[in-house]
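Below you'll find the structure, written out as C-alpha cells, and then a few comments.
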Amino acid sequence: MRWINRSISRKQSMALGALPIVALLMLYLLLAAQRHAANPMDKILPLPSGMAQAMQALLFQPDPLSGNLLFWADTLASLQRLGLGLGIATAAALLVGLVLGILPPVRATLGPLVTSIAVIPPIALLPILFIALGLEDTAKIALIAIGIAPVMIRDIAGHVAALPREQLVKAQTLGASTWQIMLRVALPQTMPRLLEALRLALGPAWVFLISGEAIASDVGLGYRIFLVRRYLSMDVIIPYVLWIALLAIAMDVALVLGSRRLFPWAHGLEAKGDKA
Amino acid sequence: SGSAPPPAKKHDFTIGWSIYAGWMPWPYAQQAGIVKKWADKYGIDIKVVQVNDYVESVNQYTAGKFDGVTVANMDALTIPAAGGKDTSAIIIGDYSNGNDGVLLKGADNLAAIKGRQVYLAELSVSHYLLARALEKAGLSFADVKTTNTSDADIVGAFASPQVNAAVAWNPQLSVMRGQAGVKQVFSSADVPGEILDLLVVDTATLKANPDFGKALAGIWYETMAVMQRQDAQGKAARAAMAKLAGASPETFDSQLTTTYLYTDPKAAVAATTSPALVTTMTRVRDFSYSKGLFKGAASADAVGMAFPNGKTLGDAAHVTLRFDESFMKMAADGKL
Amino acid sequence: MSTLLSLRNVWVEFGDRVVLENMNLDIEAGSFVSVVGPSGAGKSSFLRVILGQDAPSRGQILLDGAPLSPECGPDRGVVFQRYSVFPHLAVLENTAFGLECAGSPLLGRLFGSARRKAYAQAEEMLAAVGLGDSLHLYPAQMSGGMQQRLAIAQALIKRPRILLLDEPFGALDPGIRADMHALITRLWSEYGLTIIMVTHDIREAFSLGTRVLALDKRRHDPHAPHRFGATAVYDLPLDKTKAENPSELAA
Amino acid sequence: MRWINRSISRKQSMALGALPIVALLMLYLLLAAQRHAANPMDKILPLPSGMAQAMQALLFQPDPLSGNLLFWADTLASLQRLGLGLGIATAAALLVGLVLGILPPVRATLGPLVTSIAVIPPIALLPILFIALGLEDTAKIALIAIGIAPVMIRDIAGHVAALPREQLVKAQTLGASTWQIMLRVALPQTMPRLLEALRLALGPAWVFLISGEAIASDVGLGYRIFLVRRYLSMDVIIPYVLWIALLAIAMDVALVLGSRRLFPWAHGLEAKGDKA
Amino acid sequence: MSTLLSLRNVWVEFGDRVVLENMNLDIEAGSFVSVVGPSGAGKSSFLRVILGQDAPSRGQILLDGAPLSPECGPDRGVVFQRYSVFPHLAVLENTAFGLECAGSPLLGRLFGSARRKAYAQAEEMLAAVGLGDSLHLYPAQMSGGMQQRLAIAQALIKRPRILLLDEPFGALDPGIRADMHALITRLWSEYGLTIIMVTHDIREAFSLGTRVLALDKRRHDPHAPHRFGATAVYDLPLDKTKAENPSELAA
C-alpha cells in the first residue's frame, strides 16, 4: 500500500508518537549520566533525582515569607498574565481582523499600520513599554498582546478577505447589510480560524511572557526561571520548562477539541461526500 | 527623567531594587516591617519594588518611575546623571571587595588574559573592573576582545567549553568560579573601594521631602544592625535575604564575606568625605567617557559631580550626581 | 409588458481578453429569459454584470430606465454554479437567512414568534424543493444536487424581482428537476418574477423560457481567439401560453 | 454604496495607509517636545535632531577599535544570522511539513514531537543550547531556527493535509507514486503557503535574533540595542528599531511580490470567473 | 464478455446513515454502465467505493476475481464532479501529468524528446476536447465547463481499463457535449475501456450506455429516512450495436 494511503489507528498513532519523545528522553538521561559520571556536581544536565529534590521544596513547602507554595503561585501568576494577554490579543484579532478583512477602506487605512507594528520586535522597545505602562502586570500583559496580536490580526484579515466573493454577493442579494454580513457571514466563519490562530500564537505568547517576567516581576514561571538561572539551577529550570510545555499542550488540545465541538461544520464533515 | 517640575510635598515613595548581595537588606527590611516602621515615623509611605533586571531598574528610575534605586557608582553616573537627572547618593551601602572578578579557564595569572575573548556585560562595572585589571597587568583593551553577555546568561555561557575568560559579579561569579578548571585572577578586592553600591534618590524629591531621606537612612542602619548580629536573629535575617536572592544561606554568607558593608554610619560618612572618593570617581568617569558613555560630550567634564564640603568634579554648573553624606551623618549622630 | 432591464453597448473584458462584445438588449418585466451558449462563451459573466457583482468595462445597464447601481441587493436574487450556500449554517438556517436579515437589522437574527414564523416559512420552501428531510444537515454533508436545491430555496424565499440562475438544475436528477421546473414556473407566474436563467439544456431553455438568448462569438480569429467577445447571436421570443408541464424528461 | 463594496484606488490607498502612521509620528514628536521642554537632557523620547546626531557617529565614523562603520557592520551581521536562521527554518518547514502533511505514518510519529518542540519556549533552555552549540553565531542561528521552524512546520503540514483528497486520488489514478505526488502535486502547491508562512515568521524571527544577540555578541543590531539600553540611549534604539522595521517591511514586500510572480495561479487569478 | 468487477453484499455507511445497502453486481469487461438516480442517492459514493478511495463498510469488491486493492491506481481513471484538475498546473501540464509520471519515476518530469512527445500527445487530446486554444491557461482562468473538459482529457490520456465518470458532461453545452460523446464512444471502443458513468440525463444514459443502473432506496421510512440505503432498483442491459451518433441534443 502506498504510504500516502496508510491510515494509522488511534492506538498505533499513540505508540508511534511516543517513540521519538521517549528516544529524546533516553538520550538526555544518557548524556546526563555521562556528565555526572565525569563530574557528580554537574549542574547543566541534572538527573531526574536531582530535579525531584529541587522541585520538592517549590512544590510542597510553603515559602516561609509569603506562606505560598511557590510553584503554584508562579503558575497562577503566569497563567493569569498569559490568559489576559491572549484574551486581549484574540479580541483584537477578531475585531480588527474582521473589519480589516471585509471593509476595503478600513483595510487601506489600517493595514499598513498593522503591518508596521507586526514587524517591530517589541522586545527592542521594552524600556518604552515599561516606562509607559509601569512595572506591574499591565506591561507584561501588553507585551504578550502586542507581540502576538498583529500576526493574529493579519491571519484573520487574510482569512476573511479570502471568503469566496460569491458568498458576500449572495448575502447581499438576500438583503444583508454590511453589518449583517460581518455578523452572520464573516464572523462565524472566522471563529474556527481564530482558534487556529490562537493555537499558533501560544508558542510566541509563552516566549513573550517569559521575557516580560524576566525583566520585572516577583512571581511567575518566567521569573523563577530567570532567578535561578543566575545559579545555573537547571534542576529547577528543566522541570519548569516541561511544566510550561505541558500547560501549552493542554491548551492546544483544548483549543482543538473546542473548535471541533463548537464548529463541526469546519471540521472533517467534508472528509467525504462531494460538494457542488 | 524628571520631566515634571519637582513635586512639592509627597506622601508615597517607591524605591526599586534588584538582586545583589549588598542590596538584599532592602527587601528584607520591607518584609520585616522595618520599612513600615520608619515610614510611619515620618508620616510617609515607602514601597520597595523588585525589578528582576538590574539595568531596567535603573532605567525606570531614570524615567521617573521610582523615587530611588539601588545602583553601583558607575551606573549612577552613566545612566541617570549623564541623562540629566539630578541624582543624590544618600547611602553608600558597601563596596565590592571581591564580589566582582575576572575568571580564566586553564590559567592562573592575569597576564594570560592577553589575546582572549572576554565575556562580560559591556559598559557595566565588570567592564570597569576589566579596565583596571588590564591596567594592572600592563595591558590595554587592544590586547583582548570583548563580547557583550547579558548578566542573566553569563553563567550558562561560561559553561560552554569555548568560553575561557569572563568578568562577572555575584551571585553569578561564585557559581562560575565553582566550575572545574576555573581560576579567579583578579577581583574587586584588588581595587578596594572603587566599586560602590549606593542608594540614590531624585535630588528634587529629596529637597522637597527631607523626611524621605531620613526614613531611608533609618531603615538601612536598623537593618544593618539586625543582619550583622551573630545570633539566631541575625542568622534568620540573613537566611531570609538568601531566600529572597534565590540562594542558599551558605552561598549568601559567602557572598557577604566579599562585600564590605558599611554597617556603621560613621564609616560610611568617612568614606563619603574622603578624598579617595573623588579619585575613584575621576577614574570611573574617565573610563566612562572613553567608552562613549557621555553622549556627545566634548570632554569628561561634561557631567558635574558634587562631593561633601562643596567639592565638585567636572562642570560645576551642571551637577547631576551628588554624594550627600548628611543623612548618614544624622544616623551616625543618632538624630533620626 | 414594460422594459425592466436594458443593456446599452455593454462590453466585458479581462485585460486584453474580450468576453462580451457590444451587447444591446431589452428585457421586459415578467419575462423568463433562457440563456444558452457554448462553454466559456461568457454566460456567467453576463449574469454577473446584470447582478451588479462586476461592472461592465464599457457601456451601461439600466434598471427601470435608471442606471443600475453598481452593487447587488435584494431586488436581484441569484443561484450560482457553486459557493451558493453558507457552509457554517445548517439547511434551515441557510434558508431563513434572508428573512432574518430583513426582520432584524441589528442582530440579523429573529427570536420568539417572528423566528418561528420565519422558520416555518423556510421549512415550507425546503419541502417544496425536496429537502424536507434534511433540515439540520450542513452543506458539507449534502450531495452537490442537494446543495443546489438549497441555494434555490434560499433565493426564492426572498421573492426577488429579478432572479438570476446559473445552471441551477444542472446537478439535479430528472425527477427532482421536473418538480423544480414546476415550482419555479409557479413562483414565476404567482409573484410576477423576471427570471434570467443560464442552462446547457436546450430543451429546458425552450420549455421554461418566454425568450431564448444564445451567446456566442460572431467572429473567430484562430490566431487570437481571445480578441473577439461573444454577443447575442440568436434572440428568439417564444410567444406561447405559459408551460403547464414544462419538462418531459422525468424518468 | 455599501462599505463592503467600496473599492479603494491605489493612490487613495497610499494616502489612507499613511494617515495613521503619520498621526503616530506626530504624537511622538509632540510628546518628545513636551518632555524636552521640561528637561532638555531627556533620554526617553529623543527628538529627531538628537537621533540624527547619535546615528551620525554610527553611520559615518569608523569605530576606532575595529575600523568598521558600526551601523553597517551591525546590519550585515544581523542579516547574515537572520538569513541563515530563516533559511534553515524554511527548509525544515518545507521538508518536514510536506512529509508530515502527506504521509499519515510520519505524521503519527513526528507530529507530537513537533508539537512539543513548538510549545517549549527556547529562551528558557538557553544554557543547554550554549553547551551544545557554543556561543558563536551557530547558537544564535539555532535559536532563530528552533524558535520559528515548529510553527512553520505545523502551518505547512496543515496546509498539505488540507489539500482536497480528490486531488491525491486523481494523481494516483494518473499513475503517480507517493514520491511523485509529493514532488509534483503537494510541493508546488505548498510553495506559496511557504512564502506566506515565512512572512508571518519574520516578526518572531527578529525577536529571536534580537534576544540571541542580547545574550552574547559583539556585533549586530540586537547587540547594539541591548548595549545602549544600559544607558537608556533611546536616540540609538529608536532609529535601530525603525531600521529593523524597514528591513522587515522590505522583506515582507519582497516575499509578496515574489510569490505573485512565481506562483501566479495562487493569486488573484481566481478573483473572477467561476470554477467547477 | 468476462466479468471484470463484482460487488458482493456491499454496504456504505456514514455513522448511522446508510447510503448504499447490500449491493450485488457484476460488471463485464468492455461494458459502458450508466448510473442514474435521484440526487443524494449515493451515486458518487458508489463510484468512490469502486475507485478504491473509500472502503465499503461491509461486503467485498472483486476485480478480475481478486479482492480490489484498497487504493486507487492507474488502472482506474476518474473524472470527479469537482476538484478534478491541479490548480497549479496550466492546461497542457495538467494533461501531460499522467504521461510524465509514467515516464519519469524519479522526477515526475520529462525532458527533451520524451517531453516533446508527451506534450504533443497532450495537445492532441486537448484539441479533441476542444481546448486546443487554451493550452497555457490556469484552471482558475477557465469556466466550469472548460475545467471539466480538461479533467476528461487528463483521464483519457492514460487510457485506464476502467473509467469512472461523475456527471462529466453536466456542465457542457450541447455542441461540446455531442463532441465529447463521440470522443468517449470512440475511445471506449478503440481501447476496450470499461466505463461507469453517473449522469442526470436519462437520454444520455441510454444513448451511451450498454447498461443502465438506477440507484434508489427500496424502502423509505419517513421518520428515519437515513436508516435505509439505496441499491440498484433497475438494471437494464441494452443489447444494441454501439451507438454511432450517440446524442441528438446538439443545437
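When the chains are written out, they are named A, B, C, D and E in that same order, and each has its own residue count from 1.
Basically, contacts are C-beta pairs under 8 Å (C-beta built on N, C-alpha and C of every residue); 3 or more make two chains touch, one makes a residue touch a chain.
Molecules present, by chain and UniProt name: A, D = ABC transporter permease subunit; C, E = ABC transporter ATP-binding protein.
Note that this is a predicted model, so its numbers are computed, not measured.
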Partner chains that subunit D and subunit E have in common: A, C
Among the chains in this structure, which pair is joined by the largest number of C-beta pairs in contact? A-D
Farthest from subunit C by Cα centre, which chain is it? Let me know. B
Quick one: report the Å distance separating subunit A from subunit B, using the average Cα coordinate of each chain. 38
Need the CA-centroid distance for the pair subunit A / subunit E, whole Å please. 46
So, what's the distance in Å between the C-alpha centres of subunit E and subunit C? 29
Please output the residue numbers of subunit E that touch at least 2 other chains, ranges allowed. 44, 71, 80-82, 142-145, 171
What residues in subunit D touch two or more of the other chains? 2, 44, 127, 131, 165-166, 172, 177, 214, 229, 232, 273-276
Quick one: which residues in subunit B touch 2 or more of the other chains? 59, 63, 153, 155-156, 159
For this structure, give each pair of chains that are touching. A-B, A-C, A-D, A-E, B-D, C-D, C-E, D-E
Within their complex, state which residues of subunit B touch subunit A. 16, 19, 31, 49-53, 56-57, 59-60, 63, 65, 151-153, 155-156, 159, 171-172, 175, 178, 180, 240, 243-244, 246-247, 251
The residues of subunit C that touch subunit A in their complex are 51, 53, 71-74, 76-78, 80-84, 86-89, 97-98, 100-102, 105-109, 138-145, 147-148, 151, 154-155, 158, 160, 171
Please name which positions on subunit A make contact with subunit D in the complex. 2-8, 12-13, 16-21, 24, 44-45, 102-113, 115-116, 118-128, 131, 147, 150-151, 154-155, 165, 168, 172, 177-178, 181, 200, 202-204, 206-207, 210-211, 222, 225, 229, 232, 234, 237-238, 240-241, 244-245, 248-249, 252, 271, 274
Footprint of subunit C on subunit D - complex, ascending: 1-2, 5, 272-276
What part of subunit E is in contact with subunit A in the complex they form? 14, 44-45, 48, 54, 69-71, 80-82, 166
